[in-house]
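As written, the chain order gives the labels A, B, C and D, with residue 1 at the start of each chain.
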Amino acid sequence: MSGFDKVVNSYAEAMAGIEDNMTVIAGGFGLCGIPEGLIAEIKNKGTKGLTVVSNNCGVDGFGLGILLEDKQIKKMVSSYVGENALFEKQLLNGELEVELTPQGTLAEKMRAGGAGIPAFYTATGYGTLVGEGKEEREFNGRNYILEESITGDFAIVKAWKADRYGNCIYRHTAQNFNPMAATAGKITVVEVEEIVEPGELEPSQIQTPGIYVDRVILGTFEKRIEKTTTRD
Amino acid sequence: MALSREQIAQRVAKEFNDGDYVNLGIGIPTLAANYVPSDIDVMLQSENGLLGMGPYPTADEVDADMINAGKETVTTATGAAIFSSAESFAMIRGGHVDVTVLGAFEVDQEGNIASYMIPGKLVKGMGGAMDLVAGAENIIVTMTHANKHGESKLLSKCTLPLTGVNCITKIITDLAVLEISEGAFVLKETAPGVSIEEIQEKTAGKLIVPADVKEMTFS
Amino acid sequence: MSGFDKVVNSYAEAMAGIEDNMTVIAGGFGLCGIPEGLIAEIKNKGTKGLTVVSNNCGVDGFGLGILLEDKQIKKMVSSYVGENALFEKQLLNGELEVELTPQGTLAEKMRAGGAGIPAFYTATGYGTLVGEGKEEREFNGRNYILEESITGDFAIVKAWKADRYGNCIYRHTAQNFNPMAATAGKITVVEVEEIVEPGELEPSQIQTPGIYVDRVILGTFEKRIEKTTTRD
Amino acid sequence: MALSREQIAQRVAKEFNDGDYVNLGIGIPTLAANYVPSDIDVMLQSENGLLGMGPYPTADEVDADMINAGKETVTTATGAAIFSSAESFAMIRGGHVDVTVLGAFEVDQEGNIASYMIPGKLVKGMGGAMDLVAGAENIIVTMTHANKHGESKLLSKCTLPLTGVNCITKIITDLAVLEISEGAFVLKETAPGVSIEEIQEKTAGKLIVPADVKEMTFS
């Protein structure tokens, strides 16, 4: 099934087609489950003016934070961006826009984008700044706001294992936003720790079916930990 | 005397029932996990995609792929489930979490809460807090009763940007346990050695003091 | 953790609290992945006036079809009901109402119901009888209709294995509507082929986290096949 | 001569490209799977929750838990994935399926399709058909060009209740291959031995016959 073999062998191929001013949806929560090599490739390419949709923006010098160094990001759509001095500086300078979106709304916007649902109602954010300018509506006596879905030109995803057809599984809480991001990109690129042959993953345990995936690349990961907490 | 952070957490833990699924925010709420009564069990939900959060790992067990919503390394409890962010907030937004405990800058007598943004200071974002307060039926706010300048955080109307409206029903502070009902704070319990007068003085919003106010107990 | 042990030992306990005129959401596709014993218990109890939300209504004498025999169902919300002579008869007699709902919309209505989303827009059914009386709206040049979510007093679900805390996994295509149904019941009851101890299921492979589940019962299943097709 | 069901299916299979994810409706569309050219591979999506449908099982392999959207027992192809109905229709509604092939009672020159309901006859339901026609970019309708009374099924306006509007772009009948463009059927290919006149006669909607109409080939 050559037509289904999604594996590419270089980061250049993996991110081929990314251009200035595109929207990139990225999986990950903090530094957990982030496509480290795909982010590095965007930095290397020097693509500018990006809108990046990701729960967070990495930290100084790691994760999406490295895209701030050369001012490649025009706008972030995130729920929490508090880990990053360079982010703060660019935001205060007006070099960077941020659209703060509640975490659950952000996850659902990505899922909806991938699922052909252009908009949905949620109580989250009703009566707050998040709800300003959005339609409000009552259902069964409760107030909701209308939220529109998100899709991206690219989705960059980190999975644990993928088969050659792009079927993916995630490891522990490194799953987070990755499955939704995978559905919402016009081109979805998955960076993985291990590539297996089709048939090696149990069909019912596949978390991202290959139909959502355009390219798979084998990565190497530093997996930096933001806060190491132990009980010792 | 005003409660310590640990004592607030200890009082919060008394709110839990056997079999509760509980989401604990960063700070004092997280400490409540240390005081769950020994005869009950609760399961901790962490909004990054974990139901059944266990203790911190040993140094050997530390795994970058196993973190909680505070981005700390954790373990799983027996019977845990791990899932995507969409699934995690489906359970939060859908009202499946029994108890949510979170901190706040301000709460008002209408049950509004402000907890994520102070104008003029850099906004870091609301994370999952807006979803949590919109989703849970039973939301407990923990905070000091007044700020360090002695100004009340229990107001007639929140002054800071809101995290959610008409959603808070219970507040546990360093001075008191209060419920919000019909546009007023209702005093339920006082911290040991704290007078009703002090609570009245430090509550800017409408305060109702019923006849049967009790002194807090911790176990 | 006694408070999390959801296992009940009788069908009477499993369906305790079901009353006339309630709404029951049922998992299953055709006869595949249906909670056979829970349906039988509803028949035995004789509960009437039910609104049943399920993709299909079984066949004559099996699955949800048995609830037609004593006219226990007032209304079906389904995408396809063509397998059942008794259904046809009651529908023509006016003894049974049916609300035909496109299959994907039905699945999404259940998911939305469980996820606290009161309504969403979809292109499915725009310009058809399904869209009549529903709000229409354009997003990005395409037409959509507004669909409201579904919740039930009870959800009856068939899983392969559950642990005592109600964490479930499904077997092959018997998954179908079951995971969404599980999220959308005020009381969710899961009938399983095997009950295991907490910790035996890999956390990342759990398809229905126990938080959605109120009761678990060990069932025995006939697993009737609608159309046995072989290549022999 | 009009094509047989198998020949229609054979012509449909020529529409597939290597690497296509394809959803095939019940009837003639399903037969198309038998004629996929040997130098390409397609993966079959079945809307009950299966991507990568394999052949029917042997008698020993029959498993009640392994069925397709037609409720037939099937197997999985190598590299298949199995998922919930919500996920299945997320991929359909979200436009991730490359080609959808389904039958119809009527199609009209605006690309509307009627395929699930005949007033006066008992309605069985639309199943997943409305989602499929709303979701896919490339939808192929297979049907006989006329009904058994010789009446055209390619109309200026559908008379039966619609399954979807403005969604059909290609029709493969027992007489012809046609595309729908700007409010007209455009004849692309004729079945071997079928005259353009016969197609004109049996097409009630607006028909455009370009100069370069070809005769169908099957491989």
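Here is the rule we use: contacts are C-beta pairs under 8 Å (C-beta built on N, C-alpha and C of every residue); 3 or more make two chains touch, one makes a residue touch a chain.
Quick caveat, the model's predicted, so the values are computed rather than measured.
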item: Pair of chains joined by more contacts [C-beta pairs], A-D or A-B; value: A-B
item: CA centroid of chain C to CA centroid of chain D, Å; value: 29
item: Averaged-CA centre spacing for the pair chain D and chain B, given as whole angstrom; value: 55
item: For chain A paired with chain D, centre-to-centre distance based on mean C-alpha positions, whole Å; value: 35
item: Sequence positions of chain C contacting 2 or more other chains; value: 108, 111, 115-117, 122-123, 171-172, 175, 203-204
item: Sites on chain D at which at least two other chains make contact; value: 50, 82-83, 89, 92-93, 134-135
item: Touching chain combinations (by label order); value: A-B, A-C, A-D, B-C, C-D
item: Contact footprint of chain C on chain B as seen in their complex; value: 17-21, 40-43, 45, 51-52, 76, 78-83, 87, 89-97, 134-135
item: Contacting residues of chain A [partner chain C, same complex]; value: 108, 112, 115-123, 137, 139-140, 142, 144, 148, 169-172, 175, 203-205
item: List of chain C residues in touch with chain B within their complex; value: 1-4, 111, 113-117, 163-165, 167, 183, 198-199, 203-204, 206, 209-212
item: In the complex with chain D, residue positions of chain C that touch it; value: 29-33, 55, 78-82, 88, 91-92, 98, 100, 102-108, 110-111, 122-130, 160, 171-180, 207, 223-232
item: Contact footprint of chain A on chain B as seen in their complex; value: 46-50, 55-59, 62-68, 70-74, 82-86, 88-89, 92-93, 112, 117, 122-131, 134-135, 161-166
